[in-house]
């Protein structure tokens, strides 16, 4: 089952600056070979359900290993059986309607 | 790794009434032996990472099998290494502070 | 416009224990006269759009005043024009289907 | 109070294709003069609290006017008092750490 995911990992108890933890998660996603797009409030991920969720679990492990005692993560996950759709398709589909 | 999850499954393309799909997910969670609390905008789940996420994947499969061509789900997942905390602990901890 | 909201406020940079900040938000919601249900990963809120979002803004102000330099909040908001539905209705509607 | 928001509006009861509703929301945000970045699972928004939330309310009104009987929206909202940070700053801050 293919998924489109938006991932936002928030380490708690490590102060206000969390970008190094987010970079570590990005590294995990890259190593898993996943297609990603980093934005200002999370990361879009495209891939197979198991690959994606294994990587998300690994993100939690890595961020804890970096010293964060607590993590709260928000995941949006979309699946569809009617057709294939990439991240680019979704954005294009909206932009196309904006231009008309 | 123990997790506290909040799950909100939204079937798309099946009309406005989605409670039968939510009930089917609840059934999946129950069959997985997970501790849950259903509220007005999702379900709190407590359990081991793999058990919980296997059940969430199963929810997507079941809701698609029920005829939903598209699903968008929001998952909040909390992990902590500093101490164990149940769903009841979290609510109690806030209520206790409200009374003082 | 009536809304059903799920609110989860996460103060960042104040350590791992955030229940006193959540209790302060609960107080804000109570003072606004809003109907709420506190669960293990947030708070369900029922009310008019403006009253609810004014209270959420006040929560951010109060949590910053308590010393949190950074806050990340997740809000789910549902509106419907087809019919009125309370928090209890939503839960009942799912539970009813579970029993059959 | 300046906010960084991630907005994901999901119309329910209008079939599987929702891009025209998302385009209409994008139009509302543009007309409000807000800085935005559209991604594959939502839209980053940067602006003042009231301007942003007035626009989000307007999105719900517009999507209902387009015929959607039900909407479920997820909003992430970040505020910080320690320093100013733009959407570009947030992304840059992570990318910078990835390169080292």
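By written order: A, B, C and D. Residues from 1 in each chain.
The working rule: a contact is a pair of C-beta atoms (placed from the backbone, for glycine too) under 8 Å apart; a residue touches a chain by one contact, two chains touch by 3 or more.
Computed from a predicted model, the values in this text were never measured in an experiment.
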{"item": "Turn needed to bring chain A onto chain B - CA fit, degrees, nearest 5", "value": "180"}
{"item": "Result of counting contacting C-beta pairs for C-D and A-D, higher pair", "value": "A-D"}
{"item": "Distance from the mean Cα position of chain D to that of chain C, given in whole angstrom", "value": "19"}
{"item": "Chain centre separation (chain B, chain D; CA means) in Å", "value": "25"}
{"item": "Centroid spacing, where centroids are CA-atom means, of chain A and chain D in whole angstrom", "value": "17"}
{"item": "Contacts with 2+ other chains: residues of chain A", "value": "13, 16, 69-70, 72, 74, 76, 78, 80, 82"}
{"item": "In the complex, chain B residues that touch chain A", "value": "1, 13, 49-50, 53, 57, 60-61, 64, 69-82"}
{"item": "Chain B partner contacts - residues on chain D that touch it in the complex", "value": "10, 12-13, 15-16, 18, 69-70, 72, 74"}
{"item": "Of all residues in chain B, those that touch chain C in their complex", "value": "4-6, 8, 16, 19-20, 22-23, 26-27, 37-42, 44, 46, 74, 76, 78, 80, 82, 87-88, 90-91, 93-98"}
